[in-house]
Amino acid sequence: MDSRNFALAQGLVDRSYVSQARQSRSSREGLVRQLLANRRLPEHGWDDVTIKLFLNEIASMDSNNFPGNVGLGEREGRVYSSLVRERNFHLHHGIGRSGDIGAVQPKAAGSSLVVKIAGSLALDASKAAGFTNAKHAAVIPVATGMALTLTMCALREQRSSCRKVIFLRIDQKSCVKSVLTAGFELVLVDNVKDTAADEVSTDLERLEALLNEDDYVCVLSTTSCFAPRIPDRIPAISALCAKYDVPHIVNNAYGLQSRRCMNLIQAAATTGRVDIVVQSTDKNFLVPVGGSVLSASSPKLIDAVLKAYPGRASASPSLDVMITLLSMGKQGWSRLLEVRERTVIHLRETLGSVAEEFGERVLDTEENEVSVAMSLSRAESKGINVTFIGSKLFSRFVSGARVVPRLNSKSKVCGITFNGGFGAHCADYPVSYITFACTLGVTKDEIDIGMGRLRESLSECYKALDGN
Amino acid sequence: MDSRNFALAQGLVDRSYVSQARQSRSSREGLVRQLLANRRLPEHGWDDVTIKLFLNEIASMDSNNFPGNVGLGEREGRVYSSLVRERNFHLHHGIGRSGDIGAVQPKAAGSSLVVKIAGSLALDASKAAGFTNAKHAAVIPVATGMALTLTMCALREQRSSCRKVIFLRIDQKSCVKSVLTAGFELVLVDNVKDTAADEVSTDLERLEALLNEDDYVCVLSTTSCFAPRIPDRIPAISALCAKYDVPHIVNNAYGLQSRRCMNLIQAAATTGRVDIVVQSTDKNFLVPVGGSVLSASSPKLIDAVLKAYPGRASASPSLDVMITLLSMGKQGWSRLLEVRERTVIHLRETLGSVAEEFGERVLDTEENEVSVAMSLSRAESKGINVTFIGSKLFSRFVSGARVVPRLNSKSKVCGITFNGGFGAHCADYPVSYITFACTLGVTKDEIDIGMGRLRESLSECYKALDGN
Amino acid sequence: MDSRNFALAQGLVDRSYVSQARQSRSSREGLVRQLLANRRLPEHGWDDVTIKLFLNEIASMDSNNFPGNVGLGEREGRVYSSLVRERNFHLHHGIGRSGDIGAVQPKAAGSSLVVKIAGSLALDASKAAGFTNAKHAAVIPVATGMALTLTMCALREQRSSCRKVIFLRIDQKSCVKSVLTAGFELVLVDNVKDTAADEVSTDLERLEALLNEDDYVCVLSTTSCFAPRIPDRIPAISALCAKYDVPHIVNNAYGLQSRRCMNLIQAAATTGRVDIVVQSTDKNFLVPVGGSVLSASSPKLIDAVLKAYPGRASASPSLDVMITLLSMGKQGWSRLLEVRERTVIHLRETLGSVAEEFGERVLDTEENEVSVAMSLSRAESKGINVTFIGSKLFSRFVSGARVVPRLNSKSKVCGITFNGGFGAHCADYPVSYITFACTLGVTKDEIDIGMGRLRESLSECYKALDGN
Amino acid sequence: MDSRNFALAQGLVDRSYVSQARQSRSSREGLVRQLLANRRLPEHGWDDVTIKLFLNEIASMDSNNFPGNVGLGEREGRVYSSLVRERNFHLHHGIGRSGDIGAVQPKAAGSSLVVKIAGSLALDASKAAGFTNAKHAAVIPVATGMALTLTMCALREQRSSCRKVIFLRIDQKSCVKSVLTAGFELVLVDNVKDTAADEVSTDLERLEALLNEDDYVCVLSTTSCFAPRIPDRIPAISALCAKYDVPHIVNNAYGLQSRRCMNLIQAAATTGRVDIVVQSTDKNFLVPVGGSVLSASSPKLIDAVLKAYPGRASASPSLDVMITLLSMGKQGWSRLLEVRERTVIHLRETLGSVAEEFGERVLDTEENEVSVAMSLSRAESKGINVTFIGSKLFSRFVSGARVVPRLNSKSKVCGITFNGGFGAHCADYPVSYITFACTLGVTKDEIDIGMGRLRESLSECYKALDGN
């Protein structure tokens, strides 16, 4: 309410109470002012009343909510179901214009604000997580895989003479497909296994050899991944990309929540070439699936992606990100990151106990700060079909665990041959294993319960053996 | 958002779009301003975005929603469940203070505003419905029966020498109980049946005789009721109450929606004595059960009721009324009233067709503008147990129909003897009948379907006879 | 979905996933089954998805939500605004019937279930909190003050020869009014100050003297209160009530959260006479204001109250209680109680530090486990107007603190004279003081912030003195 | 609730009421059964209680809502903000798998059901609207422009030897961009103006000449468009595509609501080649922007598009479509279509009156059933800058009107030259004009108000002339 309305309210309710309410109201306006002026995460998370007040303000800025508006075009934000209206907070126009998904919509100042704010908050959250050199960010309403495709499409104009993308091996189907759907040829660079540890990572020599012999649309590297793969050698790759003047796209899918991944990117962006970093909104910001964050120290490629997007798109992912980051605030976000760092240690330890108990070991993949793997060697040697362990966990309501057997026959994915089978990110990985991830929001309790169910599952498998 | 925030928004979104949004925003502030200044129904109903914006503004005025508030009392508006918070729009403090349920709460300027606005809107709606002389109104969070009890309790101080309430017969248990729970003796005045028509109404002679012989806490009359009873002779009763200086309480439970009831009250309040009119919020304003509207041309008794209420109470009924009346607006409210007037004619006609078909007749109770009754004489004479007709309708998902058999044995209710059985509002009503009501929101379609099911039910009863 | 629908879903989604979903669905049905069968708090709180699923099931049991229902009565649960519908979860019929607010409504099996379940859960929560002898409980949609009035109204029939209520002094206006609005004479029994400690409590001698000389409607005692008053001597009072055969009503407003209050009641109910215990839903269960819990080891008086209530009433308070207690579960409820017990110690300690700093002391009122008071003697002696301290806290957004000055002139409340002024619960309390309460949900952080603001407020008062 | 729980409920609430509730519940299960079995629009729209019950059932099928589920993967559907959880009905997993956006997710049977049902309902709605030959449909979470891009990307594999797309001129930037972002060369086929009428449409001769001389990825035609352009000659184009064996993509953006557009597609699909029809969800189904419907009589290209999509995506558009179509039902959908057909006639007539008044004429473009244009020739001849008329309407809160001046200088869009300027869909359109659209949901009232504001705007422009 504006000051005239507060004055009128004093005719109904005592002056002193209204005055306190007004003081509180004006502190809320102050929060909005800071947000619009600084475009950064608020220090403390906003409460739901403030967020909803803000959302209602924003909704009232879209033409479909103007009192007395008459819509005589083909797209006027009319919505049939009140359930749908409510759940979208009356923001119906989506985002973007014909020309540019990042552009402001004439009919929808409110929705446009949401997009801008979501981008700014995501940028600030990226900086707080370690990519301090980030200068630009955008939230787009497609998940990581499609965001990678769009990014490569956007590179087409600049790299019109190239047809090939260097793909640093990651055994994930949507990554493979992101290259092919963009219309490019995928040049696979297999990973190498560390001789000392269990880790699997970039074959830098092979990469440089390739860069030396031809020109490419881009190099596509990956940070966040399942153990025993660890993040690609991002700084070294960036140095090569700078040297050979090739764009470098980093698939940082769920790495925004990992200080190690973010530090790698920060180091790479400072000394070498990182054109764009692509990350998932759901995995990093705890929102439903559907969006991604593009970030970079230069606006060039982000802008090209936004401009390449044909037409309008859903505002839902931006809305979810905006609400969530306002609700977390800087302190909430930092706390989540810290708690995760402590919790992954707990996962490593409790998994270690299980491993010891069953004659297995936690693989030595310290550089992967999110995912942890335990060998299934003894189980396998005893004749247990290791994939059963995964099914047993699934039926015990543990989701997310993945068993990768040593001898994985499936090797051709989308027409591309993956040596040694698709799963372990490299040819001939010597042990079968099971992986678990410790992502934002997992609690120690959940890990304890999960490890208990793993213990039960393993015991059951061993018992079944004895039974035979 | 205030003007500084709109200015900042221009840094993110084009100036011209923000300016249009601001214009629209300020037209919303204008709506709130009119409401707070005039305290009347808005001409046009508010859309949901405006209502929610207003509710959020209001919520932000309560101390439990002040950013940084610390509550160290015994009642601080903390709410455990987010579902509960959401559904109460974060308004947790209820209404009233120790001293007065109509009083403003220091901790809850917002909730207090809701109460005041709900009362003002209910007053305006009462005027628009015909009680133009109404000057004061309050929405209280108890339904009609309890509101009558509270009203009588509030009269105790003024009428400390009296112990009896004159009860103009209405065969409804909660009315009887409202007198007894207040701690008074109920003096029953039986109704008389009109000799020409089928109508049943006030025995004015008996009333005057009683007033002549003793002093009373009050006379309790009723307008809205089931046919064949018609509204009490409110103007004549008011004249007697004025003559004998006895308070007059009108139970106008669902009469706010009926022009005839409201005109009777208006006429009575102008020429005679009407101390308070009590009506249901759910039946008249289409909200969930739980509140009532007290209205009067003088504040005296309303204020006494508010002051008699010990302690705080739920804000829910006021909230529902406020939202609903803002949503209807004056035009919506008037339209609902008009549609009902047309629909009751439709009910009378379609019920007439059914009656003709089955050799019955619609009772001649024109002065009851809400409820219509059809005789069940022929059915009864053929040996049908008429109460079965009601069960058949119930099992066909027609709710609200009531069958009153001629010979109703139950005659003692809460210790009070009702001559001729409890149901027909008078002794020895000559015919069995079934009633239907046409209240706000019923559609012609519903009536057509309902009458179809009545036809089926009757046919089935007749067929069952033949079967024997 | 029933089993046929799950089978059909397998035509759209893989059998194994549907089967897992079905297993999970059936575990949810199991939760509902346990609830309906045992009518006790679930061990673990339900998640919101389960609660909403259950609420939707319940809503679908009310006639206004039957597909194809036709309503031709005067009250058919039609609701105009979709905002109002949503917030009431489509439960529109309220609770109760003409005859009995605890009765089941024919049109609203769902709403009726809510009432029953809310009562059962409140009973179980009462037992868990210490009143293990409780056998009956009901949630009624009026707050504590009005619940006390209704209880006394309900006693009228049984105690038709009595006109007086013994009121064990509690300086709270709504308690006084609850007696007067019920239509009874209030016989005030002043408290006595303990000679050793700072505590103020029941004058048992005076009570027995009164009981000896006359007959009464009931004795009204109070447990939860502001220090320096402590809970009434409930077991001793109960013994006297048994001896003199007088009903005993315990106002346990916010004592359900205090083990000490509940233990007193339990002890009293086991050995003496406790007819009913009345407590607030908002203060004990963290819901919005508007309801109360009646509990007892015998159903007699509770049933009389339910039967005395004339007509229907709002379902909102029951709904809020049901949602909240399902959401807490037994573990959540117990944890809240335990945390509060620890937190009140923290309050006592931090307030002690402030007291020491400013030359004051925390009053010795150990038997009051919820409220704590600090003297303001030195401040007063230095010439500070102690009521200013309260205002300063209010303007610093600390709500709930109360300053009671030694010389409180206001002594007549609702026509009753309170010796020594209204506020300190006894005549001539020797020191001025300020009270704080530690109720469910307060955090240590809040207390630290609040005590910091108290420190600031006191400093400011002292500085202002120096300035003169 | 299952039958055991209903039986238990009878312990709390009367048997007969529970039995009626159970009957009603089972009729709701019946609605779900019909939906899952037939996968068609329900005859009558579902009420909100049924829809929410169904949504809660669906949500409870996703692993993030399984009681006791432990998530130890990188994507477990955790959501931070309760506002975000609520608005997404706890469906967090999005849709699709790495391999296929149409595939069922192991962790999310519920979300997967939503996708399947949304597709089935969209198919049924398409048939009801006239494309009776449609056999397959999918709702994908990108709007029309991006859906066209994806479709062309999906054609790449089948048409690996082609690089060019035939673009039947439509002056809409996102259409142009959809081709370029897919990585293809755009071959522009200019439209021709009808010599008799004002209509602009396909140059079939030029199209055949091109098909004759080279091979193409596809032909991209458009139905719904702004007057004076009319739908492309879809049947003739389909015949040519069949003859030359070239895929045919129909951009039917907002044509699903127009019987004429749907009849053209139906005719074309029956006799010629239509590989896929792409339409907007927001414009046709009154949901927020963000999705599109792919439909076809053969599954081939739809499946290829779903398989080309890399990774997961937002479930929001499917959810909005499912809720809305369940809420409309077949009757609601048909009524919306019929009302629109009548309303467009009203628009044509009232616009005709304005035209007559100001010496203009409604352009003769009968074959465009959605958009109507009025000449601005006289205004232009009098020296009025016709673009001002658009601004005046915008500032009067009429959105959606478009002014296209005769001499439109902008002719190069995304590097493609458009003869005669971008806007009129053909070279050298002889008159300046303003267009209005009559889409689903527009009311006659809105049109009357809008035409009133057009009258005011024109008057103002003429007055300004006189002023000079």
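As written, the chain order gives the labels A, B, C and D, with residue 1 at the start of each chain.
Throughout what follows, a residue touches a chain if its C-beta (ideal position, glycine included) is under 8 Å from a C-beta of that chain, and two chains touch if they have at least 3 such contacts.
Being a predicted model, the structure only gives us computed values, none of them experimental.
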Identity of the chain that, by mean CA position, is farthest from chain C: D
Pair sharing more residue contacts (C-beta pairs) when A-B is set against B-C: B-C
Centre-to-centre distance between chain C and chain B (centres being mean Cα positions), rounded to whole Å: 30
Computed distance of Cα centres, chain B from chain A, in Å: 55
Where chain D touches two or more other chains at once, by residue number: 20, 24, 48, 52, 63, 66, 68-69, 82, 86, 106, 394, 397
Parts of chain A lying in touch with chain D, wherever the complex brings them together: 48, 51-52, 63, 66, 68-84, 86-89, 91-95, 98-99, 106-107, 141-146, 148-150, 153-154, 156, 172-175, 177-178, 181-183, 224, 226, 253-254, 280, 282-283, 285-291, 308-317, 320, 323-324, 327-328, 347, 370-371, 394, 397-402, 436-442, 446-447, 449-450, 453
Chain B-touching residues of chain A, taken from the complex the two chains share: 1-2, 4-5, 8-9, 11-14, 16-18, 20-21, 24-25, 27-29, 31-33, 36-37, 39, 47-50, 52-53, 56-57, 59-63, 65-69, 82, 85-86, 90, 104-106, 108-110, 112-113, 116-117
